[in-house]
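All chains are identified by letter, namely A, B and C, in their written order; residue positions are counted from 1 within each chain.
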Amino acid sequence: MIFGIPLQAFLGQLLVGLINGSFYALLSLGLAVIFGLLRVINFAHGAQYMLGAFVAFLALKFLGVPYWGALVVAPLVVGAVGALIERTLLSRLYDLDHLYGMLFTFGLALAIEGSFRWYFGASGQPYATPKALTGVFNLGFMVLPIYRAWVIVASLVVCLAVWALIEKTRLGATLRAATENPSLVQSFGINVPMLLTLTYALGAGLAALAGVLAAPIYQVSPLMGSNIIIVVFAVVVVGGMGSIMGAIVTGYLLGIAEGLTKVFYPEASNIVIFVIMAIVLILRPAGLFGKEG
Amino acid sequence: MARTSELPPATEPAPSAAPVMSRTLQLALLLGAAVLLIAAPFVMYPVFIMKILCFALFAAAFNLLLGYTGLLSFGHAAFFGGAAYFTAHAAKVWGWSPELALLVGVAGGAALGLLMGAIAIRRQGIYFAMVTLALSQMFFFACLQMPFTHGEDGIQSVPRGRLFGVLDLNDMTTMYFFVLAVFVIGLLIIWRFVNSPFGMILKAIRENEARATSLGYATAQYKLGAFVMSATLAGLAGGLKALVMQFATLTDVAWQMSGEVVLMTLIGGIGTMVGPLVGAGIVVGLQNQLATSAFPVTIITGLVFMVCVMLFRRGLIGEFAHSRFGRALGLRPPG
Amino acid sequence: MTRAAETAPEPQVVLSARGLGKDFSGFTAVNNVNLDIHHARIHALIGPNGAGKTTVFNLLTKFLPPTRGRITLLGTDITAMKPDAVARMGLVRSFQISAVFPHLTVLENLRVALQRPAGLATQFWRPLSSLRRLDGRADELIEGLGLTPWRDIRAADLSYGRKRVLEIATTLALDPKVLLLDEPMAGMGHEDVHTVAEIIRDVARDRAVLMVEHNLSVVADICHRVTVLQRGEILAEGDYATVAADPRVRTAYMGSEA
């Protein structure tokens, strides 16, 4: 018992928090990567997350592509669609105020989600947990569904891999340099527009990957993206988008905070992340990891 | 500093354009609009017109912030929908007369605006938009849980009551002219606000914030002032809507509503006086058309959003003012 | 008070910085800068590009928070103050890139500067015509700086030199105690340079001026005191002749005079 709450319930919600946190981390990471280079807030991030789940669902239903295949295919498909949109449309907005990019991707999100809702209806479609990941670990003090453990591990690995890619590799160094001074990097003979396209594709692909991971847990629904994206915005405001690691850490922390609120004060669990955001803004306007001027 | 975080005017703001337009033309246009608005309820379904007027006022209030202050709020649904709840509650549960119920909504919008604005103003540009969105989503969840809003059901059958205890607003014509009067008063307030000493400072801040700071202006406080004024008028629109439609529901506080008002303003023309009104008419009309079909409005809304951003950033009115015809009419300031 | 100060009264120090420093994520742009700006004196801050002159301006006017050091304005410690509050105390700056309100006319630019001191900035219920009572003072300034023919032209349509003059005019509208001018003559033709130099000399009769300027003949001509900045640190300070004779300054400026 902790503060009169059964240990089981406490750990259960902690786990839920960690799972949610994994998705917040993956999604805010993608937002931060895109924002870092393109200076666009990708409002369509939630829609791309939903698309990832739907690609997995449809690929299984019509092509028999299993979960493991979907983990590869969905990010590629959604990333490619993202690249196409960036190349043909979004890239024309870079010279304008950044808010236009946000408005454009907002419209994109509405159009995508509206279309899927029209075609598939608003209710969720189940997506079976892959065979290899069904079942539970019995830890003695609690039972841990294997799939949930997998989601936590997988998202952690992906987050760290992306962080390493951007902070520790040459490609990442080029990306960061292009963020600071695009024209200089261009003059080194690096194709900056291509870099921008790839970055957007990477961000969209990350969202799709999160979508595939989420499919067995939350079901596949056209609205799954718009429900989560606003929370992820709050996460990003708290973390500040200046730091990749900041986005990841904040994602997990806020997911856990949300889970714990469900234990102690369930009525507030929907709003706790927003409340934390408001408090952080009052105390530390630049965000926990922010150095934005 | 070259690409500042705040939205530059997509069009020349109307106030500087208006004096250039010939007085006669201005008068003729105003007269035409007046005739149309007075005749409208006798040719069209009055509730529909009243609904448009409410949303037009909402969009104009939103544009006060985006167009004249350069701040993009993605959370205006909180003020509109919140005020709708407050007015509905005052009219139905407390049994207050409509003008007082409306004042409750306005005060609620102002208070919410002060609260949200004070927090959101701490971040700029793109963050400001995200913060307002997140805060209004928080308000949405609060509304979902607070008992007085009746959750998913909302507040239904809101009585229109008697204006000042005398005029029966259940009479459609009386109601219509009451709504029209509130609408016109709201627009006049916006007009005055934009063309006031305060509006001048807002304009200066939007043009060059650093310079305004160096002239001693606490720019954040001026922006907060504009935010609260915008929220207050959005509250007026929301309260009015509760009396017109006779209900207040979660739809009005949902983020989609915040998106809609952005769209209305964008379609019509950011930073123009008339644009948001036209945009509201188009969006509400479109929703009305599609209300009976299974085709979701959001697809159209989304596509229109994308097209506007890609091709018509000035909006209909803005593009018209910039066209050769518009210029010939003197709709655009010289230079 | 020392005896020297009693016998030959030094002009009063109105703005001073002690140990001023600024780091940008590890990079030290300004370090250990001590400055005293005197009433009725023109003080030049010179140095090669990237020396940190603009950053010093940003620190003094509180547009950037200093990493180290203290700033005192008219006897008050302003180190923790906000930039707009500092401006209201009488420390007003211009910007390296001319800062006007481009879509406002020359007259409106001046009105904006005059509105706050006149208590006419927050009235959202009054018509614009209420600003007309500022026109007298605005026209005085417009005339004083020779902008009368452009009074109703939008600032964006002015020539570069006139934009800078307009900026000085709006700055003067606040009747500041201390004026910070960041390269007021950069990009100007000969004629304009002369005009602006005279304006500055005139203005400095009853206020302190600190200016960044690359045109050394102007500095020699109108400035009472010169501080040379290099890589964020003060290299030399004194009157123009002393500084110009300093071998370190000559080395620093070799080929880098921009």
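Please note the rule applied: a residue touches a chain if its C-beta (ideal position, glycine included) is under 8 Å from a C-beta of that chain, and two chains touch if they have at least 3 such contacts.
Which protein is which chain? UniProt says A = Amino acid/amide ABC transporter membrane protein 1, HAAT family; B = Amino acid/amide ABC transporter membrane protein 2, HAAT family; C = Amino acid/amide ABC transporter ATP-binding protein 1, HAAT family.
These figures come from a predicted structure and were not determined experimentally.
When C-beta pairs in contact are tallied for every pair of chains, the largest tally goes to A-B. Here B is the chain whose Cα centre lies closest to the centre of all protein Cα atoms. Once the centre of each chain is set as its mean CA position, chain A and chain B turn out to be 32 Å apart.
Chain B and chain C have Cα centroids lying 42 Å from one another. Chain A and chain C have CA centres that are 48 Å apart. Of all residues in chain C, none touches 2 or more other chains.
Residues 35, 39, 41, 89, 92-93, 96-100, 102-104, 106-115, 117-118, 226, 230-231, 233-234, 236-237, 267, 270-271, 274-275, 277-278, 281-282, 285, 292 of chain A are the ones that touch chain B when the two sit in their complex. Residue ranges of chain B in contact with chain A, taken from their complex: 3-8, 72, 119-120, 122-123, 125-127, 129-131, 133-135, 137-138, 141-142, 144-145, 255, 259, 262, 266, 294-306, 308-310, 313. On the side of chain C, the complex with chain B involves touching residues 61, 63, 82-85, 87-88, 92-95, 97, 99-104, 108, 111-113, 115-117, 120-128, 130-131, 154, 156-157, 170, 174. Those residues of chain B that touch chain C in the complex are listed here as 1, 12, 16, 192-193, 195-201, 203-204, 207-208, 210-219, 225, 229, 335.
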